[in-house]
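In what follows, a single structure is set out as structure tokens and then discussed.
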């Protein structure tokens, strides 16, 4: 998603959200403009993760 | 309450200061009989005499330097620098003496000097008469730097500046000298203290920080944006050193977006400090990078070009669009690179 | 004893009495030889310069009133000091004006539309001193006194180049810097005298004492005749009647030659008067009486020189011709301003 | 390559400039027989004579103002200001004349003046001898402002400054005058152009931007952090006006974190501009708000306190911890408020 | 004629010949009455002041060499100028020093440890001029010339307060401001003369011409005797032998009284010499010869005044006592520095 050597792109509040949810942004696909990771993208991964862990347990 | 122009409100503030404290003296070029080139000291020499309101020899270092000596003697000098562009010959006395004396003497020596500076562009003037040198002084530790945007503040703030024991640079928005408003000469408990910013208009989407001449422009931008469904909170910084960051921070934590504007060049201007400090304080709340709308990084242009140089409604609204992530007809700018 | 006392100075150098008759003061004696070199064509040229400058100045003030210019600083009344000194400078000399030296610009060949453009805010520049047609007349400087240091630095460069002091007055270069009575209080002006004396620059400080710095009388800047300031810096100085174009010419010519011959910096104080407002934004009624202004109007440099020329036999046709020429000059400025 | 001190490398750069172009002249206080109070002009008067290397009268406005006139005449003056704190009497000539002339004259008049300023603290000096006034000039449109951090750059950059047709403020890190390094006097195709920053050390976690005296400190911090598993990319800004933001931007897009440091007061310093501009350019890449490690917003303190005032290894590493979101023993700071 | 010429000045005011005999120059005549007022106790005090100042200065330089101080600017050689002028100031006068006026600080009652503290970098301050025990001696100013404007502003304030010019020399206040030969080139110093003359301040400009501004000789600052600078500003001035403590005293006392009596600002140039380096960081061998320094060492103000006192019958016991006192003063400084 990101240029070689560049960080995943997002905004500070979304980064905070990801931090709070324990999500690594390098594992998130951005659907915003030019691949920007949005709040929804993080929440989608979080929900999927929850679902996944629910299954594992 | 009396209807006054901004310049008249300063005149009346100076009159109060002269009347209230006989240690207050005014000195500057042409401030006596002429009443200043903008008439801000009109009639004050007539009223208080040439000892209280002095036409100094033509030398800015001399004006500031002798004010230092007068302050040592217990006076509260109020210096007028005739135009922004003529403060530089006095720069050494301001930066190396006025600013440092309180610190140098571990608080023993106070220098309650007020330096009045008509500043900014927009009046079609010739070179050196439209500058915005405030950032030089805001970067200088030991000075207070303030700027007013309306008659009431002009009146209140000049009196607060003169009453203050710290040295104060008082930047007067010269193109707003003729702006009219109601002024109360009673400074009461509800008067904003020196150093505080003022929320000039409440809003929820974008914080727009301005000071001095651009506050009315910012208010116009807020009104225009409201028509477009964007709610702008306008903050009149009032104090540029120190900056009342708690007021700005509170606003940005609400809006998530900041635009800051001034006439001075962008690089190293007040906007840089506001953007950097707000980013430090509000990082996790920011939806977009703070945007700056400023003069360009060139000397102030000839008057014929000043409209293109000065931040105006269009440029403010463009920045609002940018921090809102909206394209617009002016720049077609995209929210992310 | 070592104490210095301000002795009352000798009277200013004057050639023409107020009525235009030739009546040199004793102090004028060393300068008379420079007048002998002038032809009647030169005299007529001085007159033409002053009248055109006056017409230009009046036209510019009109243009300002009509909203074409942000502001106009008139040189009305100072034409004698300016034309005399400007004509005294030689082609190879370099001129550093302040912002009121319209008549000097004229005699150096500058298209005065450049000054109009500066004052109407279409440019900060005006004209290019490197263009030979501009007579080495540098652009205006609006920060009071700043140009005096530039002039001194330039004159240092002339020395370094060996472009002066060779003994040939026709090629040896010198600098003239103009500044006002108010400017004498600025640190820069005093520092420029220090550097000029230290480097022995080929330079004339031409101080137009027009008695006012906006609203502040010269007595606030100095209680002592200003030309005396120079001596303490080691700079020879002289006071001249600035409303006497011949005196201004002769004194400047001699001191410039002295500077170019290795005599180091010189200072000339020209006593003159700002007949008009400081600029069109100013209101002189706030700070000075009409009587005072009238007393100086009575000493008008053009009127005096006209009387001199009449005494020399100049014809009505000549005066009418100059008037017409001046009218055309002003009309041309007006036309090109719009 | 020759081993030189930083001061010696400037001396050799000046010697080259004097030898290469006889329009180059040096003027300043005590730069002749004495060779300058830091001996940076040592022996140059002896070699080139008192006409090329001039002891000026004691007046900074005079030095800058006559340099303007010399520049008009075709000279390339190199002015020395004896100490940072003594540049202010020359401020007007720098800001209102030197900076504006090229613009004022629509490019017709060039003022190729170099103003050398030994700057910064750390040498135990008395008041006015340890200042960092660079931000005043970086905010002034029309000037180039550069600062060197090592002998090679010192040599290269002073020669570039003198060769440049723009006016240049050259800030020399006085406490590094005795720093030694190899210097090549051949300026070739691989020499960094004036205006460019330099990646002094590559890294991936944090970008640390410094200039002048603090570059060695930044390098030390990077070495210390590496031991701690943090990879710091150190950027030596070299040019403070204009700033080479593309180099900084590239780094921050990689690291996502920025620390910027200088000795000057924080408010309105170079760090504010770097933080604000990088936030504008790299907002979507930033993991944390850019952090500033600077002198405090007070006048420079007496020498006995300067260690507490100056940014040092500990304060740099603390800021690195902060942008990394790590608590540490120094401030116990939390990454998010 | 109106031209000013730098006539060679009358010799500096001197009371004591180099060998300590009383031999007033003609220029000293107006000042002699001030000497008549001095008692032999006063003379002994002058001597004590100079010797203690010298011991203090020497001790401070030692402390610097031992790493206790960042730097030391010695006043060695200037004690005559400083003690004479410092003692001439009255209790109610206000003193604005530069950074080398250690002997003036001493006679005004300042604990000189304050100077040590400034130079060792523990404070920018040193002492509080508002504390009466400090004799209205203001803290040092390191930016060359800046204090001259402060002094003028302060003196303006004295005028505004009506605290001078009442006719009572025992209460009428005046200001003394110290500055160097190098400082005369700074804009600020010249502007302070403009303001002082304009406001007719009760003020003495005390210029110590110690012949050097670090490595730059006074001739680079001015080719004209510096005291002549004042006249052009409308300020009476005088040149005095600064190594003659009696001359320095009498001249300062008289001009201070003239200033306090409404005579406006006055300027005194004291010819003296910086025997030591500019500061301990300086290396004078780079720019001046030992012969020149030796020629001034031969004019040492202390030696000269010692000879005078011996001529007046002072005893060895007196001199030994002063030496011991000076030694104790220095030892006390050393003890308190550690």
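Chains: A, B, C, D and E, in written order; residue numbering restarts at 1 for each.
Operating definition for what follows: a contact is a pair of C-beta atoms (placed from the backbone, for glycine too) under 8 Å apart; a residue touches a chain by one contact, two chains touch by 3 or more.
The UniProt protein names, listed by chain, are B, D = Pyruvate dehydrogenase E1 component beta subunit.
Just so it is clear, the model here is predicted, and its values are computed rather than measured.
Steps from subunit A to subunit D, minimised over paths through touching chains, total 1.
For the pairs A-B and D-E, the count of C-beta pairs in contact is higher at D-E. In this assembly, the C-alpha centroid of subunit B lies 40 Å from the C-alpha centroid of subunit C.
Rounded to whole angstrom, the centroid-to-centroid distance between subunit C and subunit D, based on C-alpha atoms, equals 44 Å.
Taken residue by residue, subunit D touches two or more other chains at 56-57, 59, 61-62, 85, 88-89, 92, 96, 100, 103-104, 127-128, 283-284, 286, 289, 299, 336, whereas all remaining positions touch fewer. Shared interface positions of subunit C, defined as residues touching 2 or more other chains, are 123-124, 143, 185-188, 191, 194, 198, 220-221. Taken residue by residue, subunit A touches two or more other chains at 9, 11-12, 15-16, 36, whereas all remaining positions touch fewer.
Here, these are the chain pairs in contact: A-B, A-D, B-C, B-D, B-E, C-D, C-E, D-E. Contact residues of subunit C toward subunit E in the complex are 1-6, 9-13, 26-27, 29-30, 184-188, 190-191, 194, 197-198, 220-224, 227-234, 236-240.
Residues of subunit C that touch subunit B in their complex: 70-71, 118-124, 142-144, 182-183, 185-188, 213-216, 220-221, 281-283, 286-287.
Taken in their complex, subunit B has these residues touching subunit E: 25, 51, 56-57, 59, 61-62, 64-75, 77, 89, 92-93, 96-97, 100, 103-106, 108-109. Taken together, the subunit D residues at the contact with subunit E in this complex read 29-30, 32-35, 37, 55-59, 61-62, 85-86, 88-89, 124-128, 299, 301-304, 306. On the side of subunit A, the complex with subunit D involves touching residues 3, 5-7, 9-12, 15-16, 19, 36.
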